[in-house]
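The next part holds the structures, each set out as structure tokens.
Here come two complexes built around subunit A, the first alongside subunit B, the second alongside subunit C.
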Partner chain A sequence: MTRTAHAYIAGAYELPERYYPDKTLAQLQGEAALGALADAGLGIEDVDGFFCGPDAPGTGPLSIADYLNLNLRHFDTTNTSGSSYTVHVAHAAQAIAAGKCNVALITLAGRPRAEGRAKGALARTDNPHQPDFQWEQPYGLAVLNVYAMAARRHMYEYGTTAEQLAWVKVAASHHAQHNPHALLRELVTVEEVVNSPLVCDPLHRLDCCVVTDGGGALIVTRPEIAKSLKRPLVRLIGSAATTQGQNGGYMDITTSGAVRTGPAALAEAEVAIGDIKYASVYDSFTITVLMQLEDLGFCAKGQGGAFVADGGLISGVGKLAVNTDGGGLCNNHPSNRGGMTKVIEAVRQLRGEAHPAVQVPGCDLALVNAIGGQLAVRHAPATLILEREA
Partner chain B sequence: MANSKIVMGKDDVPMWESIERGAMELQKCCTCGAFRYPPAPVCPNDLDEKSEWTKVSGKGTILSWVVFHKKYFDDHVPLYNSVAIELEEGPFIVSQLQGAEPEGSWIGKSVELIYGEHAGRIQHFAKLSA
Partner chain C sequence: MKIATRTPGDPEPMPDTQAFWDAAKDGKFLVRRCTACGKAHWYPRDICPLCHSTQTVWEQGSGQGSIYAFSVMRKADPPFVMAYVTLAEGPTMMTNIVECESDDLAIGQAVELVFVPSKNDWPVPCFRPVAP
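Presenting the complex of A and B:
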């Protein structure tokens, strides 16, 4: 390959636990940061760029920068919910290309289990003053609702079944059984998913991701530095993000903004969707994965059900290995934000460091897609194309 | 847990006042005629800022529906439904179906808006059209 890349992911680290009753948020942010730096073979003194979301306690980047004694030239607190950290990778690459920093640290950590919060990085982000909430709040819609609305409509338009959606969870459980850190390591069957209690019909409890404490961090750096380190070279060759909203009441609730970010990121990378060997696809709910696979172009619109069925997403079995760490559905959804772990598992795959049972042979090209916010209402999909440099 | 809330921003007040009167009005773009929801300062079609609050017929069809089995709000006790309705004026809204429920799929069923009290406020509900 002759194409140039401005930035490489040199360090990736996922906190090992899924419940942290005795550690502070700052400690978790710090442990994640130091873990990723150690993975890269860099030190805290090397960091001159810092990217975090609202899960970082304090004022924007200031409190954690102070706590970790970061000496920063660049910082960014873009918040697009779960996709924030995927967006941060692209923003870090842009900052590096612009000469604004050399070593960018991206962190995520949260304790929704320990703190008893089922959703959101901030306490009840469902602010009634949010101007676009007419769609949801007064009529009893929470979060799951809009995903369930999309699922129901998808079933109607394309004949997608609850059993097909269940296969997304079944694949996640097949992968999670090999991940010693995964919250849920038990294999589940399609029958178990569709017979689990309905939370919001048509979605069942096992169609939903886990709630976990924890987090992770990434180190993005410039090519010269990445090549001086002793880690496999993983570089960013394409990225795209967008926002999608209700559009004044004229929105297709079965299509996500990934329909734009996928092709844009692939075009920038100058690769085709069929070249992708591994995909990390945001899995807040089973329907989230199915819709993204269609919108990204892994299959035609409406064919997601057939694509995921019968082990379609199981590494070594199906058409495309997806979320080989067990994903948000079984492994980890730290701070109710899945964008970070999506990047981390893609890095593992490209390095050849995924669990041997789920490692994709010769994995040299991976796609990451995160959905920030909520399908069927406002969301900010962000796509990354990552490549292993030989 | 708490009660669900309505938005009372500047853009939304006329809508909720019209709902109080039992005849919902939405903004209609003065230039292209497109209705929009939720209330907002610009038209989604042509981004024009001029609009007129205009009564909607209340007639529409169900785009999608869900039934909650888990409780998220004090004022919405499961089992309860939420329906997305495409109004005949164009935009889709969310409401709750009251009264008779369709057999099988609800999608495509004709509904009309009715108005009633909920948690100390008046809001719309949907009922199947005769």
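Presenting the complex of A and C:
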């Protein structure tokens, strides 16, 4: 293909553990950064752009940039919750294209388990000055109960069943069994998912992602530098992001903003959805995956249930290999923010470095989609199209 | 499951919404309507989110609506029903369904307003099934 890409993902690293009681947040940010740089074959002195989310302790990039003693000429601390790091990849590519940096470091690290905060059912403690706060906080809004509303409404409109949702978790467990670092490596069945306790009807415990300590980092760099390194070439050829809220009270909570970002990113990449060989799709809950697959265009709206059923997402078995590391449902969801690990597994697939049992043969085109925030309330989806350069 | 009434969190009124919460203390449920585009919206703002006119006004809401979506938060103690209710005036609002049997709830079901006092006694607009 002849299209030009401004940026390549030259380094990707996922912290190996899922529980870090004896390491600080700064250590984890630093170890993730060094891991990604080593993977790329670059040194920390090469980094001139730094991208992080609010998981990096301190004001914006300041404390971690100082801790690592970075020499920066560009930084970005866009926070859209779980999709932040997916957005950062696109922003890093834009900064590189604009000549603002050459080697961008993106980090994520957190230790919610070690800190006792690994509870997705906790009510939010947002800022009362958010204009939505007084209209939502009194009702006990938690991530779990609003995603459950999306699932209920999707079932109502499209006949989606609990068994179909369960297949998303079953596929994740099929992949996770091959990942020695995954938090949950046990195979589960549809029956086990639908017979697990209802935590928030209609979602069962096994419809929910894990929350883990850990994190990861990415190195995004310009073409000349990427081509001077020894790693397989993975380039960003399309990206899009948006925000979606409640539209003044006239909303459809069964459709995510990925209905706009998917087609926009594919158009920029000049590829069709049918060309995608592998997809990393945010899996905070089983319903999250199902809705994104529809909205991105992998199947028609309302057909997500049939698409995921009967092993539809299992690598080598189904229609589309999704989240071959075991995803947030089984492997890793560091600091409740899944966008980073979604990009890392897509890079593994494109490099041919996924586990052999889940590696997609000839994987040269991948899609990453993250959902930041809450699908049924307000969220910021971000889509990336990544390509392996021969 | 019989749903016990959960005590809502305190709403923390702001200068642009004090009138709503003061009216609630008088047992009145207000809805914000834009006189430029004619539509009611939720949550209430001075600037219409639909046409961005600043010509918005409070009006007495009917307190009638139907369930757009709901979930049963069993993980909480006591369990409660999180919901979106579509108001008769048009927009859909986040709320809790109270005074109900969760197994009997359904999308599309008619519900009516009931104020439930928060910890510091702000009347928080919730909904209950309309008696058949």
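The rule is short, and it goes like this: the second predicted complex is superposed on the first by the 377 of 390 C-alpha atoms of A that agree within 3 Å, B and C clash if a C-alpha of one lies under 4 Å from a C-alpha of the other, contacts with A are read in each partner's own complex, and residues count from 1 in each chain.
Going forward, a residue touches a chain if its C-beta (ideal position, glycine included) is under 8 Å from a C-beta of that chain, and two chains touch if they have at least 3 such contacts.
Bear in mind the structure is a predicted one, so any value in this text is a computation, not a measurement.
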Clash-or-fit label for the pair subunit B, subunit C on subunit A: clash
Subunit B versus subunit C as contact partner of A:A306, first or second or both or neither: neither
First (subunit B), second (subunit C), both or neither touched by A:L72: neither
First, second, both or neither for A:L62, with subunit B first and subunit C second: neither
Touched partner set for A:Q130, first subunit B, second subunit C, both or neither: first
Subunit B versus subunit C as contact partner of A:L34, first or second or both or neither: neither
Touching partner for A:A114 - first (subunit B), second (subunit C), both, neither: neither
Contacts of A:A150 with subunit B and subunit C, given as first, second, both or neither: both
Set intersection of subunit A contacts, subunit C complex versus subunit B complex: 128-129, 131-142, 144-145, 148-150, 152-153, 156, 197-202, 246-251, 253
Subunit B - residues contacting subunit A, complex: 4-7, 9, 11-12, 15, 34-40, 43-45, 63-70, 72-73, 75-76, 80, 82, 84, 87, 90-96, 105, 107, 118, 121, 123
Subunit A-facing residues of subunit C, complex: 6, 8-14, 17, 39-43, 45, 48-50, 68-76, 80, 82-84, 87, 90-96, 102, 107, 118, 122, 124, 126
Parts of subunit A lying in touch with subunit C, wherever the complex brings them together: 121, 123, 128-129, 131-142, 144-146, 148-153, 156, 197-203, 246-251, 253, 376-377
In the complex, subunit A residues that touch subunit B: 128-142, 144-145, 148-150, 152-153, 156, 197-202, 246-251, 253
